[in-house]
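You will see subunit A twice below: alongside subunit B first, and alongside subunit C after that.
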Partner chain A sequence: MILLVAATLVALQAPAQGIDPRLERLDSITRPIVAALVDSARAAALPTEPLVQRALEGATKRAPADRIVAAVRRLALDLGHARDALGPTASPTELGAAAAALRAGAHPATLTELRRIRRESLTVPLAVLTDLVGSGVPVDSAAAAVLSLAAKTRDADLVEFRRAVERDIALGAPPASATAAAAAVTAEATAVQVNAGARQQRPGRP
Partner chain B sequence: MFEPDEELIGRVVRQLRRPVTVDAGLDARVMEQIGRLPARRTGGPVRATWRWIIRPRTIRLSPLGALAIAAVFVAVVLWRPDRPSRPASARAFGFVVVAPRAATVSLVGDFNDWDAARTPMQRTRKDESVWTAVIPLTPGRYRYAFLVDGVAWLADPAAPAARDDEFGAPSSVVTVGGS
Partner chain C sequence: MGARAPAAQTTGTIDVGVSSVRYDGFLPSGAASVSPALRWERPAGILTARGTYLRFESGHRSLQSLLAGSFLIRPAAHRWRGELSGSLGASRYLDFASFWHATADARLLMLGADRGVWIGGTAGRTSYGRAARPVTAVGIGAWMQRSQVMVGGSATRSFVGDTAYNDVVSTAHTRRGPLALDGSLGARFASRGGGRGVFGEASATLAVGERTVLFVAAGRYPTDPVSGSVAGRYVSGGVRLRLASPARLSARTTIPSASRPGTPADGDPVADLRLEVLPRPNGVVRLVLYVASTSAAGVELAGDFTDWQPLQLRRSANGMWETVLAIPSGVHRLNVRIDGGAWIVPAGLTRAADDFGDEVGIMTVP
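Moving on to the complex of A and B:
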């Protein structure tokens, strides 16, 4: 019976350990290198799905082998740095978003601080931070705004905050000013929502 | 000393020389007994190991031990490094792109393994230059792009651009929140 249990456990683990069949779309030169990078990431308890997707993106876009391998390797390193900043409890989606934020120029200390102050998932705050930097907002301004909102603001409101900043930038506002103004509006709206929620929770009087 | 008794020896010899009548069913009974004996062990250590594996045996297990084995089994079945800790609910997301002269447009990204055949976009009835697709997305951040006529890559002008674009063709990102 013990042998049967052991064999079953090995069989159950086997699909997770083998080469991902989706990597068959890579050419014969790229495939083993990417598979090795994926295996290394798995051994380091890092998420492998982002690496597979990045390789598939390269294959679909008909990128040369060396560029695909370089992109996957760089993403694996970024995921490792993201895990260092967020800690071992970070989810795969959080690590993916954190890797993008680090690549955009965010400081690891910003990620660690986000982890400390926000109880919910960090995926959206990190994505908003990355997108703001991509819109031309200085990384320090973007980080300060996201940190000021992250503790109490819902994901949907953070996304709306990002849209507001992008809209104001498109209308000609300086990126840093647009960010600060939108952050203030979002924080005020969040406070109103919180207070309204508190009123609703208050017990009624006879 | 022992003196041989001729008469006694003669009686024994006569007794031994008497014809013996054997029961007709003896052969069958003997062969049945032989058939019940364990077979001779041949075939070396591999067969011996195989016999050891397939031989039924009774294992005594305490309830605590059984629970521990069951817990390990469940943990291994449920655990995957890439699996989110909680099952996330998917939300429908709509993608729109204007491509007036396109014959086909595909939505391609992290959500469909960058497979151009998996999510073809549809022309809207009101305006044939507008292409749409609606797909379910669980919370996360996804890279994607539109593939026009199977050759031209187009980023989503209504979405943030992917900054780390190493493949020479533009991509966009969509972030799906959970709260």
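Moving on to the complex of A and C:
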């Protein structure tokens, strides 16, 4: 974060070089400030595309200049916090997903733990975490469920887990209970080759 | 946590296929098959009912049915599981060959992070048009997951009346997107009346929609003295139809949101507005927006994958608007609007505050 602030100060002192042409859609007051924030993020080795997109989103929604600048600045800070939590090897898509998870209320320690236990990309687990919270699952319950699955569950199974939670919530289960139950089922299915007599029939055997 | 078990899920499928099959001791024959199946699942158990109707080139028919269930027991020691299962089946070929069987299995499983082992036994009865014979079997197995591949192996010793045999079988399963591959290779040996030799099968399934799966399969399987199936070689192809659509990938909210009222459409313009996100192979995503209002003249979408430039959707049917875009894997933000109105979040997406006093839809592309 200190690095980001310092980089912002440096960037504001010098005119931005090579302003992204897409930022031409911003008004003349907003554009240089956003460009400076983008430059500072670049200097801090943070992904800049999410910042550009956030500014363009504000422009498309005809948001006031101060709101656009605040949104971009806040996202830059979130991306910095996300990288602090995930480490310098995090990919831009992971950082974007992690920033969204942090904004949804996830604790940075949860992100750090996810990085520690999962070798594959964290993008889908983080998206699932954000989705669960968005669906009304308490942050702690959502984090516990995702952490319990992340080490050995493939992206496709995490997506299926998210579907199961959604389905059970739609059927009336409390979000936290639905999450815990679906996590148990997913973990069981991942870890156990069971149901000797009831497996899906192999297709085509006459 | 106020635990409440999630509701059971019921899945219905029907397989329709054609096969070329050569049972040991018989001439090759073509066959057409229809196999309906019903699967009822809860977290601790599964119940499956399925049947197969086979009609051979000769006009002869075969009927098979099976009811099987499995129930997991979770003792205090968290690395251990118990599994009790049962199988009840019957088959009939022409008027002279009819089988039935009833067996119960018990397994003890020890779990690791991505592997496990089991040991178990089977007991029951089987009949081939005469007095029932006892069935007993013991077995041991293991499985392991490595990246996208699950491999397993088992060894069993079975006794059916005065028939006895040993089977060792290895299996592998992998899934990449809509494609799933399964294979098995085994051998039967030290057999008395159960046949012997090497057997193996391979199958591939390709999901071509939410409800449709194409499959091909081929191989050789051994005689099963319990269920009464005769050893044979086969090649099959067909389609598996799912009778109930699975949950949609990104269905989230049931009520669309709009923080600014006053779009030009008549009535409530955002009622009954739903977006479906349908990832396709090779990185493209089909976005389908269902708009209840048939008076909408134009529907636009904007997101971080369009640089937030409004993109006009194509009307593909009455009330249905869609587009197909290359959208990279990850988490994306988008909104839609009708007839130039307010940017809104349709049902089907997770909603989040957008930093600008409104809401934005969140979409995850795996």
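By definition in this document, the second predicted complex is superposed on the first by the 174 of 206 C-alpha atoms of A that agree within 3 Å, B and C clash if a C-alpha of one lies under 4 Å from a C-alpha of the other, contacts with A are read in each partner's own complex, and residues count from 1 in each chain.
One rule holds in what follows: a residue touches a chain if its C-beta (ideal position, glycine included) is under 8 Å from a C-beta of that chain, and two chains touch if they have at least 3 such contacts.
Keep in mind that what you see is a predicted model, and the values were worked out from it rather than measured.
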Kindly say whether there is room for both subunit B and subunit C on subunit A in the superposition, answering fit or clash.
clash
Please indicate which partner A:56 is in contact with in the superposed arrangement: first for subunit B, second for subunit C, both, or neither.
both
With both structures fitted on chain A, tell me whether subunit B or subunit C touches more of subunit A's residues.
C
First (subunit B), second (subunit C), both or neither touched by A:155
both
With the two structures laid over each other on chain A, which partner does A:167 touch: subunit B (first), subunit C (second), both, or neither?
second
If we overlay the two complexes on their shared chain A, which of subunit B and subunit C does A:141 touch? Say first, second, both or neither.
second
First (subunit B), second (subunit C), both or neither touched by A:45
first
Footprint overlap on subunit A, comparing subunit B with subunit C
22, 50, 53, 56-61, 63, 67-68, 70-71, 74-75, 93, 96-97, 100, 103-104, 123-124, 126-128, 130-131, 134-135, 154-156, 159, 166
Quick check on the complex: what are the subunit A residues that touch subunit C?
22, 50, 53-54, 56-61, 63, 67-68, 70-71, 74-75, 93, 96-97, 100, 103-104, 123-124, 126-128, 130-131, 134-135, 141, 151-152, 154-156, 159, 163-164, 166-168, 170-174, 176-178, 180-182, 184-185, 188, 190-206
Subunit B residues touching subunit A in their complex are 53, 59, 69, 72-73, 76-77, 80-85, 108, 110, 113-116, 139-141, 143, 153, 160-161, 163-164, 166-169, 171, 173, 175, 177-179
So, in the complex, the side of subunit A touching subunit B is made of residues 1-3, 5, 8-9, 12-13, 16, 22, 42, 45-50, 53, 56-61, 63, 67-68, 70-71, 74-75, 91-93, 96-97, 100, 103-104, 120-121, 123-124, 126-128, 130-131, 133-135, 154-156, 158-159, 162, 166
In their shared complex, subunit A is touched by residues of subunit C numbered 1-7, 9, 15, 17, 19, 21, 31, 33, 35, 37, 39, 43, 46-48, 50, 54, 68-70, 72, 81, 83, 85-87, 103, 105, 107, 109, 111-114, 116, 118, 120, 141, 143, 145, 148, 150, 152, 175, 182, 201, 203, 205, 213, 215-219, 221, 232, 234, 236-238, 240, 246-249, 251-252, 254, 302, 304, 307-310, 328-331, 333, 335, 343, 350-352, 354-358, 360, 362, 364, 366
